[in-house]
Structure formats: structure tokens, C-alpha cells
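Listed next: structures, encoded as C-alpha cells.
Look for subunit A in each of the two complexes below; its partner is subunit B in the first and subunit C in the second.
Entry: the complex of A and B
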């Protein structure tokens, strides 16, 4: 059971909320309160656009416990439009092959059950192939 | 002593209200009705109720689907989420028996903490019920904006008639002052009675239906009464509306009720989505309206009538404003979700919908 951790991370997990550095404008994810670019304090919340592209990926067939009901699934390093690189599951692939450089967009999805089906349902960000994205 | 009110009375807010933003969601996967017939009737499915239904992926439920529809509504409304005074979700498939869908949706779109949040239930009209309440909240001046969502991931018993049609999808609406609206809601009218047509007891996975009650005394009676009283009170006939949307458990029911009320097949065409996404329960009338708004023109008048078993109907008289044109393209359109389509077979469907007992 990791209920306190799920609760603490909900904002960044549901909405891809990170930070922006007030000194050099670097966008930070996950939030760490210190700018990795200039080293100054950075606590201003920033909601990422959710747009990015696949930098690298791998398909998981032997999933860790809690994720096994979703296997096989693809995990990717996603380079966000604003700069940071994050690891996330890809979803809604259908029959679409994954390619490096493929544009993706963030969606909020079920990650797993905390424990069994009596436990909390953990939600968080995943990425799907970008399609027909509205401008702006 | 006062006499009880027995004549049809419109629900009209003190201050005029309307829709300032709307958004739809339909999951990617489709199960053709002929695939269900292949498994259960050896393919002898003469007169299948729909072509195919939308099926959610393994990582989707009413919470994730509501979040996406809500984000689309926010894109069209272009408002700060902190201005929402309510986030209400109507569904008969809330993921938790106890723990609101609405708080998680509100958190994900950045509307917390200074907001109302609640889950609504009334079979297939839970979404329009939330919409009427949102009209009340905004129309009374208690809040400037309120969000109402109707969303479902409906389940039918394997092999049951409902399995052909029980689909997934829905939509979200942001209600606000009429002067900011892309469509003004002129009035609503609700008609309810106690009717034993369809139910699901606590802890039961699949619903039951009271066979002979599902058609005439339930669906047709309530929709006809709601639509007729609404039009009488507004002084309108079917010809005054450019478009109409009726709850759609299958293809035939809405076609028939529309005809009986004097509406043409053209008037209901944009909002008749059940043939391609299935019956989305609390999302059904709601997503019919998002699809209609996607192609509506300023000045178009729309009649929407929902139906929920148990039973009741909410009717809405809506007039589209000039703002519609600039907001239609600000988010993914309903037909674009429908076009994003991956066909699955019955085995994949069984896995996606958790019908496989692993232990």
C-alpha cells in the first residue's frame, strides 16, 4: 500500500503538472523545486502541453506485478515539447507501429490497482499517438 | 393549502444560461454486432440492432473518459478551470462504489479545491440530470460556470441482447451565462414516473430488464410526454427545430419516436450515433448533442430528449449562437473520435472488458 505517495503525486500524474524556473524559464518535470539548468530555486507550477515525441521505446512482455494484466505494453522515453524527457507507457496504439520521432500526446489513464481489485485505482499519464490535434 | 402542481411546468432558470463549452469522448476499439452474433447465435443474427459498438481499452474507465471529454470542453470554453463551481458526472458505471468520480476529474482538469463535485445516477439520464442541475446553479447566480458530464462504459451479460449494443462514450458540457454561450438553453422539462423497465442491484455486475416494460411504457411514453409538453409550453412544433436528439438504446427506437413526434430522418441524422458506437447510456443523448453542435450553424434550434430507466426523460430546447463557429474546431470533434477506429474480435473484447476470470 502506497496511498500517501499516490496522493502526493496526484497533480503531476493526472495533469502533467511540473515547474517552471522563474530565473531562466526552464520547464521542469518531474517537479524538484531546484532548476536543473541554472541551479536556482524553482517552485512555480507549470502545466505541460502534453505534446511530445518518442525518443526511444521498448515493449514489456514480462510485466512487474500490478501491471501484468496490461502486458504486453510499450514503454517510451518521451521528449516533451517544452524540453524535459520522461518515461511513460504508450497506449491506444491499435495496430499502429511505434517509431522513433513519432508525435504523441498525453492522456490520463488507469495505471494499475494498488494491491488487488479491492485497492485504490492508480491513475496517471500515458501517451498515445497524436492524431488530428487541435491547434493552440 | 396550495394545490399540487399537476400541469407541465418548464424548468427555467432565473438568469438565462447556455453552453459555453462542450467536448466528446469515444474510445478507439469497436466490436461489430456480427462478431457477437458469430459467438452466440452461430452468425444467425438477422436484424442486428446496430453495426458496431465502441469498447474502452484496458486502461480506460468512466474517470479517464470523463477527463478527456472535460478537457475538450475546457478547450472550447477557454476559461480558467478555477472558475468552475461544479464538476458533476452522471454515469451508471462509476469505477468505485464509494469514492467519487467527480473529484478525480476535477483534480485532473485543475478545478479543485473551490468547487462542488458530485456523481449523479439515474440510469441513462444521469448526464442530462447533471445538466439540469448545472442550469440551476448558474441560473440562480450561485456560480458562474458549472460542468456536467454524462459518460458510461456499459456492460451487457455475455450472450444477452444488451451485449450487442452496450457501448462506451459520452460528453461534457460547461454551462455559463447565456451571453457567453455558444448555445443558449431556453428551457428544460422533466417527466418521471416509477417504472420497472431496467435495473441493477448492488454487487451485481450486469443489469436486468423487465422485458415487456422496456418499450412502450418506458422509453416511448416518457420521451413522448417530455417532448410533447416541452413543445406545447414553448409554442413550437417539430418544424421549428433544425436538429433533434433522442436517447438511443438501439437504432430503431429513436427513429420511431422521432417519426411519431413529427421529426424527419434528416433532423436526427447528425445525433444518431448508436449504429456506430452503441448505446452509451448516460452518454447517449449527451454525445448525440456534441456531434450535432459540431456541425450546427448560428440560429439552429435543437431539441434533445434523454431517457433513463426507472424511469424519466429530460427535454432541452436549445438555440445555437454566433459563437459556435469559432469554437467548433478548438477541440477534437465527435466524428473524428468515431473515425479513429480499431476493430477487435470477441476474444479481445472479453479481455478488455474484464470478463475473463483469472482466478
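Entry: the complex of A and C
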């Protein structure tokens, strides 16, 4: 179990809190101390809207330990509307086939148990189809 | 910096070696290389390995192997760069000899993976990616490459079947390599029917892991020059470059920037261009990686690397022969050892020891080893004579 690590990441996992560069206004997720756009220091917090679209996706049949019981599941690269890309599972898909370009929005879901079935339940962001997303 | 030559090479069969330990596998390749070089001692040992702390519960592999091999007291250290560990160790050995700091170096790439169950090894391999922002999402290492492959197919309009020539070529070549993990032909029909690991990557797009070790002895080139009847292989170019650790942080996830920059520097150092390369051992951990490497290294335009396979350019008699000993796909991918297998195989080509998959008149060979999903990439160019 890695409780301190899960605790440290809570703002990112539950609130999609990244950064905005004070020098070039680039939005940054995950947070890092150097702006990938201009190379200057970036530490100003910025909360993302959680809206984006599928850039690519894969259905995982052979899962790493800790995730076996969920397989098969779908992981995507989601392009957030503010610019950055994020790796996240897709959820609430129903019968809807996933497509590149599909609009999605962030939700909070159970990720896995850290340790055995009595271990810490890890929650975090996943993305679901954004059916009700206002158009235009 | 002085010129450096490869005086000896050695390797073990890639397989699930249930009866052999980490020690024995690494030792086997090391002793073979020492014997090939006609040496018993070297000044320093560089070990490339990725997983031993997780899979074998063993760290400090430098001393672990100097002790086992009988290099007591000598400098020894392990280098880790995920699946790029082998070439990272080779480059350290090269720098040590080239600088004049040591007169001889043994480099061993070694991995013993069969000591843990499949899903635990899958989790161990995922440690190459970003633990907080990739792995925590349940994405496997195969899954990360699948994300890249899906987008590549989408942007450039290729079908899954178009990637088939890469594993088919690798498997055909491995039939003639006694050290290869797999000795079985793959047909286009079998390729299309293979079951999915992480869509669109199937079992026949993905390289099999395994236990294995490969080794080389490095010495100053001037010391080899006067030796009679020694095959002469010089290290002409070496470069290492990095990209973001996570794919989602890349400006362009479909371009291997670190492959491009390390190849560019290695070409410059060796004074050659892509058209001069006679044989190229690529890091075909997945078909998509083979394609992206060839594009980034200047053998195909962006989005057109697939065509090299479709046009029969990648076989031993093609324009750019790749995976001539089976590549990662069929020789096998004992992760931290793979970079050293590639170096040994290019040396074999330049020494003319490759039998039916020998590239005619091979004089200049290249090896490219990739750690993570394109995160650390090392390119080496070897020359005969």
C-alpha cells in the first residue's frame, strides 16, 4: 500500500488540478515545475474543465496485476479542451463504440484496490461519453 | 577520445530457463564473450538490466556479476534505462574505454523474467512508464503502444494487416538463429487471426519476453589492429537521447524524437547517412515501434514506414534489412538484455557469421535500443575493419 502517494495526488485525481504557465499562458497537466511550452518556471495552479475528446484508445485484454479483475477495459488518450493530453480509462460506454474524436467528460470512479480486497480503495478520474455536452 | 573495437561477443539462447538463475544466465554470456576475445580479465564491468530488483529481488548487479564472473575487485556497475538498459550499459563501457580511463570493458545485458507470473511481469514492465499518470490508469506497456498504433492507423490510413510483413520477416529470419526464442513461421493468415492483447496490438505484433543475456568485450581499436585472424568490428557512432517519459506529454506522439536525435548524432559521429547502413537491428518490441523507428531514422517518410515491409525492403536482401536474427519479435525480448543482443547481432553480421540471413558484404550496421515508449533511445553504428 502506498497511502502517502495516493494522498499527495488527490487534487489531480479528484479535481484535475494542473497548472497554468504565468509566462506563456500554456495549460499544463499533469503538473510539472517547468513549462513544456516555453521552458520557464510554472507553478500556478489551474483547474481543468474535464472536457475533451478521444485522441486514441485501446481495449486491454491482458491487464497488469491489480487491474486483472476489470479486464477487458478501455484506456484512451484524451485531448483536453484546454490543450494537454491525458491518459485515462473510459467508462459508462454501454453499447456505444468508441471513436477517435468522440467528446468525453471527466467523472470520479473507483480505480482499484491497493493491496488485497481489504486494502485502500483508490479513486480517480475516468472519462465518459459527453452526451449532454452543449454544442457550439 | 580514442577508437574502440569489439574484441569478443557472447549470448545465451532466449527462452524460459527454469533451470538457470539470473547469475548463471548472465555468467554464460559473459564467459562466452571473454572466451571469444581470448581474455580472462577486464578492467571494468557494465551490466544492463531492468527488472532484477522487482522480479528477482536482487539489486547491485555490478558487484553481483563481477563476483560471479571472477572479476574480484574490479569496477562494476549496473545501468538501467528500462528496455534500453542493454545499450545504456554498452555506451558506458564505450565511454570508459574511449576516454582512456580503462583498457578493457565487459558489457553484459541480462534479464531473468520467468521467476514471476505473467501479470506480475506485466506490472513490472509498466514501471517503465509514468507511475502516477499512466500506470495508475491501468494501462499496460502494450496498451501504451496500442494507443500509438491506433492513432497512426487513423492518421495515415493503414490497416492492421499492413503491419504483417514486420513480424513475418522477423520470424523467418529467426528460423536460422539458434539463439532465438521462437522458431516458427508466421503467415499473413496467422497474423490476422492472432488474438488481441490490447487492441489493435495482437500477440503477433508483440515481442515475447524471456530469459537471456548477451555480452561484448570492448578494447581500444589500436590493440586489435595487430592481432592476426581477429574479426575487426569498430564502434563508429554512439548517441543517446530522451523524450518525455509519458506519451501524453509529447507534442507529437507519432514521432520518435529521441530516435531521430540519437540517430542523427550517431550518423554524424560515424560520418555516414541512412543510405550507407547495410543492416539495422531495430527495436521491434511492437510492429508500430519498428515502423516509427524506420521513419525517425530516415529510412521512410512519416506515415510511410509500413510501406518498407509491404514493398519487401526489410528482408536480408532488401534495401534496409532489419531483424536479421529475428529481432525482438522472434529472437525474443529479455528486456534489459535486448540492447546487447542487438549489438552482438550487428557484430555477427559484420563478421559474416549469419548463415542464410547474412547480408551480403555487410560493412556498416546500426542498432537502436528503446527504453519505455520511446522515452530513452540509444543508437549505435558499428563498422567492419
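What we mean here is this: the second predicted complex is superposed on the first by the 133 of 136 C-alpha atoms of A that agree within 3 Å, B and C clash if a C-alpha of one lies under 4 Å from a C-alpha of the other, contacts with A are read in each partner's own complex, and residues count from 1 in each chain.
The rule we apply is simple: a contact is a pair of C-beta atoms (placed from the backbone, for glycine too) under 8 Å apart; a residue touches a chain by one contact, two chains touch by 3 or more.
This structure is a prediction, so every number in the text was calculated from the model and none was measured.
More residues of subunit A lie in contact with C than with the other chain of the pair subunit B and subunit C. Shared-chain residue A:111: touches subunit B and subunit C both.
In the superposed model, A:70 lies in contact with both subunit B and subunit C.
Of the two partner chains, subunit B is the only one that A:14 touches; subunit C does not reach it. By the touch criterion stated above, A:5 is placed in contact with subunit C alone, subunit B being left untouched. Of the two partner chains, neither subunit B nor subunit C is touched by A:27. In the superposition on chain A, the residues of subunit A contacting both subunit B and subunit C are 70, 111. Of all residues in subunit A, those touching subunit C in their complex are 5, 9, 12, 30, 36, 55-68, 70, 73, 75-77, 84-89, 100, 111-112, 122, 124. Only residues 10-11, 14-15, 17, 47, 69-70, 91-92, 94-95, 107-111, 121, 123, 126, 131-134, 136 of subunit A touch subunit B when the two sit together in their complex.
On the subunit B side of its complex with subunit A, the touching residues are 28-29, 57-61, 63-64, 67-68, 75, 95-96, 104, 107-110, 329-332, 336, 340, 342, 358. By the touch criterion stated above, subunit C contacts subunit A in their complex at residues 118-120, 122-123, 126, 130, 132-140, 142-144, 146-148, 150-151, 154, 195-201, 244, 246-249, 253.
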